[in-house]
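One structure follows; several queries about it will come next.
By letter and in written order, the chains are A, B, C, D and E; residue numbering begins at 1 in each of them.
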């Protein structure tokens, strides 16, 4: 009984971590900045590739993951400077631009680095709980996910950078008239989103196959989580992940992966129908 | 019979009351002005009438009918029309199209074009007919919105700060227009901070404060009211 | 005619989802063509390859198949990795009544006069693997399989063979394509506690299972018909993710016979950067040779003549894997099946080899392409061809 | 501040057709004119939100024509746009905090003074700015700039939508600021009261050009101003 | 002013309610071919249009079989693109799930024709039923969406979820238990064996293989749809659609029930996606769950956005251009094709903000202007 409960909690936490980690970068780039980033998966892929390369080069895994995140962040800033900043006043066109970036990134990686890359093993060991055994690394992922959500909320609501970044995104010309260097703000914020995506890639790199198309495994889940979260991304993403993870873990354990997947998507439809402005819209309904 | 009546109308946003048991009544053919400090709930009152806010309690009656359960567009179709505080125009569309969309339900074909031309002349945007509405200056956008609101000839016209951003002369012109429309039988409810304008048009004035009716009367009564001067008018030599 | 090249169309993915496993198919065909041309061609005519990249996209397969048949007028076409891409092009092949070689291993059952399917099919891989695994490790079997045609039909074979051999299915789970997270699945397996785990997972996302199972310390002997031989997971994952895996393949690079060693050497001379010479690569290579042999026997590239040659049952080649022949009734190929075992450090051993395993099922079930009919169907064990 | 032959416009469409104007340090100057003549355009061009196609803008004898808006802001230029442009999904307090960017190094924001001018902002510190009433937003927009203590303030129709007694307050406050801190003010206005209460000098714009300039005496006569507004 | 206000009855309430019903006047309807919502009007445009149609009409006579069949294939996609243009470009609702309708209609065509064959022109009946199925689904889904006030990205994600649910579900229908009548759904591998469109004729049926007859049929359909949609978006209905796109609240306070209009546009656009699905299925005798997946769902959005979503003509031209360029790259570009495609998309977005079609028009106008400018300058120099 207890064992079963723990097993379910583990599954829930696992699904939660996956949703939060894959969504956090997108929460900034799409949820906050309004850039419909179809290349999100490629930032994740980039983080994963760099992480693994660094680890093969002998760096300890945590450092390697940091490298992966950093690399994705730098690429993000470069892309923002070169392309995305021309598109802020027409966000819908970012669909095409980021799709183009995604094509180039995927196929470019294939051409340059080959169709696949050897992985690194999952660190840490496993622990037992009755007849089950679990990966310890997955627990680490859960902890990081929770920490990341909290950290982001604080960053964007409690720090000066966060306030200026949000101001820049909401009314850019006014922010600049108030002395905010909006270009730098945009770049930094986009870079941060990319870095978080890279971090997700780095964190999941040891547990997944490394191929240029690996980003697609994240993309639907991340978009769905951010959108169900609604307008206030930092208030919305975590609860959205909780709801979706609960449904997903529950359906998967009861009826299998197919229903886990379909259940997740149907939940999205139902949640949005009940709360047309997403979870955060609903949470803040009195104050809108 | 009152054309517009609210009974114990109440609305609050998580504790902030924007309307508190408002019992308001207007007779057909009246011009009524709603004034009050910033944040008193004037625009919110309009939104309640239009159905953009659902009241927490109370009912709204229009032309002898309880419209509280009706949706926004259904209320409009009963003969209400509005000019918002923040110009609600279709920014990416041309000035002409803005008017066409407002008018196309009443008119069609040549009479539609003729009417649009007439409105354009009146709001002095004839030369800008093909301009993107969002490219108009702030004042021109206000005029466009006024044009859209009045041209459909509603029974009740709601105007939220129609003269904001207008020069005194334009304000006077707006006042004339309101009076003419009223002379044709249209009932008008206007929110305004410009007391010259209020004086020019209003037969009755209601002062809102913290979502409540604070005072009601003719313009002279209101101006003479010390309490109103304290919360709203200040020591003005005008009016 | 004489001296004019024989045009062979190649539609194999060099980009997109499947590229990791299919770039080798292009290389295999190029190697075979180069060798044959060096040896004087087919009937004295050189081979010319017409190669397109359908980008792992079924629509591109359709567009390009039309082009390659209608405009490039190739004599034969080799195409497709996934079964979906094969099904996408089959109507077009049938419309133009062209000859089509499908060289990939697949779920079996295609009974189509225009199709020669030279890859291994489940009966060849499972009739060998399942009894062997049960004997070695025990009778309780759990299957996880990709939730689509290939996985479902393969699982059906496993189920049938387990029952025939007196074993017991303790669980069966189907995983939608593209799923990459397996915590719950691992837990389910632990709950059922099988002796043998059959993993019929497809695609790079699903391959993540191995790493995740290892890190949760699952430790159950695994059997598969797909992994390792196609996606060389033992090379891509850090040990010991794949340890305890057993695969029945008709070829992998590590096969240590003179023919194979020689083949690997030639391949690496032509493509020095090749990551791994996998089963699809070899199959593609052998496919070209099978076609060449058939044309030589027929004396022409005319489809009717080629098929007549196949119907003699003598179209055979000595391939790197061993001898491969085309079965006239089903136009499928016999294979040598290697039982590949992956060790703790991801080294490969081959504890057992079965030679000349026939693709018996389709013919026995009633598909007979030697008759003068033109079927174009696909059957499954639970939906067999109409009895004759 | 000095403006020489300034031309600007939107895309290919010229609006300002050579504006020459000078505002001395510590002056309060009004710009008036009919709807759509280019007053707001002038303000945007001064702030750098619209590029100048010709001409020069000098602030404290420094040519800032090519300088980006945020740098101009940090040089002490504060701008309050027409239509308020508050940050709608941020709280009132956060909106004000953005204004702190303008502060010179080492100077702390003086919220006490701000809240004294606009008490409602203190009450609503945690409300989202987008849900404020129109007049409250306008007050916030003004306060947001004042937080940063600029040397020059550009005000675009500050009285619009604000209740009469607060209009008077604003006028008084701006005058106080001007007197106490020497802040220079350039404002666009249509409200007669505000103009007469506040302005020391006044320019009249029509069709993108300055067509008249009124001295302090002229301003004392409401009729003159009225006539020019109706131009 | 007085003159404005004094026209007939002052209170317009009756006019509003009564104005909805009016006599249909064909000429007026035709005049709607031109209007503020579509680019291109006047004799020059329509002469150009006729010339293009004529060229497209005679070109198969000078081309080879593959090119004709392939162009017909391109045509099959344009309906989905034009439909999305109506929903997204005109009504402002970004639907990320048009492929759900594409798939539904495609499968419906397959199931129907596999069960009832192709005799007596039934394939066209199946086409109509397939499209009707999409219209019905769009009606239900649209009701659910628009009457639930779902908009913006939320709409996009819900529609995407719908198409992904369909995909996931259909992918696992491989087993023999998933049959409808005699039609196997056949899971991820896709459904095959349905007949192409077939016209009944006196001496036997004409089977419309991807060849000249099918080409003409599709070309006709494209032209009819294009013109029909032009009338649609320039009508009163279209006016309201763009108003809703610009400012839904304001449109509602002008007395329009915006949900009804959005729903209308959604049904029209989705039926067209369904039409594409049927035609595609008939073209290749094949339909898979894949055509409802994420990648497939993103494609129409890319076509429409690249072409220029704000205008039907731009969308149509852009879609055909993108399809053609991408295919050509695939044929000749080997491994680099996808990289070049990505780069082209970037270039288009950055340098043609209004979309490919209008970008080209702008470019032409610009170079023409320069040419004339140079001439004028030269002229001056001479003088």
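Points worth noting:
The working rule: a residue touches a chain if its C-beta (ideal position, glycine included) is under 8 Å from a C-beta of that chain, and two chains touch if they have at least 3 such contacts.
Not measured: the values here are computed from a predicted model.
Minimum number of contact steps separating chain A from chain E: 1. Greatest centre-to-centre distance from chain A is found for B, with centres as Cα means.
Most remote chain with respect to chain D, judged by CA-atom centres, is C. For the pair chain A and chain D, the distance between C-alpha centroids works out to 42 Å. Chain D and chain E have Cα centroids lying 49 Å from one another.
A straight line joining the Cα centres of chain C and chain E is 40 Å long. Counting only residues that touch two or more partner chains, chain A has 106-107, 110, 216, 258, 261, 287.
Counting partner chains per residue, chain D has residues 131 touching two or more of them.
Shown for chain B are the residues that touch two or more other chains, namely 13.
Those residues of chain C lying in contact with chain A across their complex are 15-17, 19-21, 23, 147, 173-176, 178-181, 183-185, 187-188, 190-191, 193, 204-205, 207-208, 211-212, 214-218, 233, 235-241, 273, 275. Residues of chain D touching chain A in their complex: 47, 49, 68-70, 73-74, 79, 81, 85-90, 94-95, 97-99, 101-102, 127-128, 131, 144-145, 148.
If you check the complex, the residues on chain E that touch chain B are 1-7, 9-13, 15-17, 19-20, 22, 28, 36, 236, 239-240, 242-243, 245-247, 249-258. Chain B contributes residues 50, 52, 71-74, 76-79, 82, 84, 88-94, 96-97, 100-102, 104-109, 115, 118-119, 122, 148, 151-155, 176-177, 180-181, 183-186 to its touches with chain E in the complex. Residues 7, 10-11, 14-15, 18, 106-107, 110, 114-122, 124-126, 131-135, 137-138, 206-214, 216-217, 249, 252-253, 256-258, 260-261 of chain A are the ones touching chain C in the complex.
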